[in-house]
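As written, the chain order gives the labels A, B, C and D, with residue 1 at the start of each chain.
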Amino acid sequence: MKFEPKSDTYKKKVKESFERQEFMKLINAQLIDVRPGYCEIHVPYHSSLTQQHGFFHAGIISTIADNAAGYAGFSLMEENSSVLTVEFKINLMAPGDGELLIGKSNVLKNGRTLTICTSEVFISKNGVEKLCAAAQLTLIELKNSSDQK
Amino acid sequence: MKFEPKSDTYKKKVKESFERQEFMKLINAQLIDVRPGYCEIHVPYHSSLTQQHGFFHAGIISTIADNAAGYAGFSLMEENSSVLTVEFKINLMAPGDGELLIGKSNVLKNGRTLTICTSEVFISKNGVEKLCAAAQLTLIELKNSSDQK
Amino acid sequence: MKFEPKSDTYKKKVKESFERQEFMKLINAQLIDVRPGYCEIHVPYHSSLTQQHGFFHAGIISTIADNAAGYAGFSLMEENSSVLTVEFKINLMAPGDGELLIGKSNVLKNGRTLTICTSEVFISKNGVEKLCAAAQLTLIELKNSSDQK
Amino acid sequence: MKFEPKSDTYKKKVKESFERQEFMKLINAQLIDVRPGYCEIHVPYHSSLTQQHGFFHAGIISTIADNAAGYAGFSLMEENSSVLTVEFKINLMAPGDGELLIGKSNVLKNGRTLTICTSEVFISKNGVEKLCAAAQLTLIELKNSSDQK
């Protein structure tokens, strides 16, 4: 699907919001790509991000599925809007066993109030990517609401 | 609902598994309570866990909703089983604006293969608790499967 | 939780809306109870409502989980609002093997725009009720929008 | 994705199971296509299938999202297996305002025990198709279990 951004500054807006998220720094998440209705976030492996088997924790997988969707949706929102996740559902399909987690999200529907996205999270091991999780998310656009503290 | 654990060592099993999760250390999550079919996890506020408004990141809220459920379910599984989250759905109902995040999960159904849980996450601010998120989760019990690396 | 209805006529409004749903007639669904933030719907067994094993079809179970939530939420909305389901998630936990399906829904949060509900569906067999499904739903209130064709 | 069926008779198995579902007859649902990991079901408009605005009821939309997924998954299961929906999540994105409801489902992952599918439901009005709903579903394969009463 092809979307038109409502704001010229959508990339800058997403980038600055991402940078304001301290949690992204903690897990060393990187904003790789933002286009209208699309966002991609990577997280390199680090032992501090793991569950009991030494793989990426489901919490990290969910975090980037959610965050990629939030910014895919945010890219289509108005200049003075902020975004919140209303809810999401995620299926964890393969262990996060690899050196890089790749979250990609696409907007499915950009409504006046609500935006629906799907996210896929891939795990890359020795350069081979595998589908690790799939999510479906609902965002709400808060008009005239600041994205800052 | 009242559940009978299948293993005498369920508390020890949960505690040791929780301690093997490096990500729990990173976010300073604390295992507060484990009973048959119930688990409670707390995360004190820290600026490194925040989103753009300075509140707990949805990824942290989701992480403890999922982890509390995983261990509520694990408490009812057999001695030599390990547990995986199949999927979950979470509604984020209030911002994580407070000094302590409290995740509580109860098993709704403990089947032979699948276990269904509900989790509630509360945010405590100045000692007042507010419902922040509600989740519904599906776990799978992997028999004769190690919980370690 | 205790909710205050915003409209005196909430019961009448729900009852009339329910009666306008032709599909409720087709499956012989009965609106049993409406209170502020609560709704209960029953569907007696009929062979036309079954899946391949002769039990209530998951589609019927989902239908009453959704409809009970829709009307639990609608009971709290303004006089001139209509309601739509944004999304729902349902876990099917036991076969719909019995003579009566009972859907009960409670509002968890009644926000300005969005309302979150949980529904439980019970199957009654020889007078014994069993939890058959649990759902979590998001509704949207459309202000100044007719509930009719 | 390309899947190999485990049974030569997968089409016959799906067709016969579909025909055993009395509820499919009640709503006049038609099994349009079955391929390995894919299923398509149509429901023509009828006033008995409507909600209060005269559109297809969300219960019908959910029913075909679920049933298309169930048979997409069933097409990949073993000869003597039966299938159950564990859970699903659906976003309703546009009203079911049209003359034909089209449910299409694809298997995302076919595991040993669990199968994950995505379903899309389109509404066709005057020959124009519009995305009406998107769902994500988890199925369980019950080995050596009859698909009949």
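By our rule, a residue touches a chain if its C-beta (ideal position, glycine included) is under 8 Å from a C-beta of that chain, and two chains touch if they have at least 3 such contacts.
Listed by chain with UniProt protein names: A, B, C, D = Medium/long-chain acyl-CoA thioesterase YigI.
The structure presented is a predicted model; accordingly, all values stated were derived computationally and were not measured.
J.: Could you tell me which chains are in contact with chain B and with chain C alike?
T.: Both-contact set = A, D.
J.: Compared with chain B, which chain's mean CA position is the farthest off?
T.: The chain lying farthest from chain B is D.
J.: Can you compute the centre-to-centre distance for chain C and chain D, using the mean CA position of each chain? Integer Å is fine.
T.: 22
J.: Could you state the distance in Å from the CA-based centre of chain A to that of chain D?
T.: For chain A versus chain D, the centre distance works out to 29 Å.
J.: Calculate how many whole Å lie between the centre of chain A and the centre of chain C, each centre taken as the average of the chain's C-alpha atoms.
T.: 33
J.: For chain A, which residues are shared contacts with two or more other chains?
T.: 86-87, 89, 91, 138
J.: Can you list the residues on chain B that touch chain C in the complex?
T.: Its residues touching chain C are 89, 91, 93-94, 108-109, 111, 116, 118, 131, 134-136, 138.
J.: For the complex, give me every residue of chain A touching chain C.
T.: Per the touch definition, chain A meets chain C at residues 86-87, 89, 113-114, 138, 140.
J.: Can you name the residues of chain C that touch chain D in the complex?
T.: 17, 20-23, 25-27, 47-54, 57-60, 62-64, 66-67, 70, 84-92, 95, 147-149
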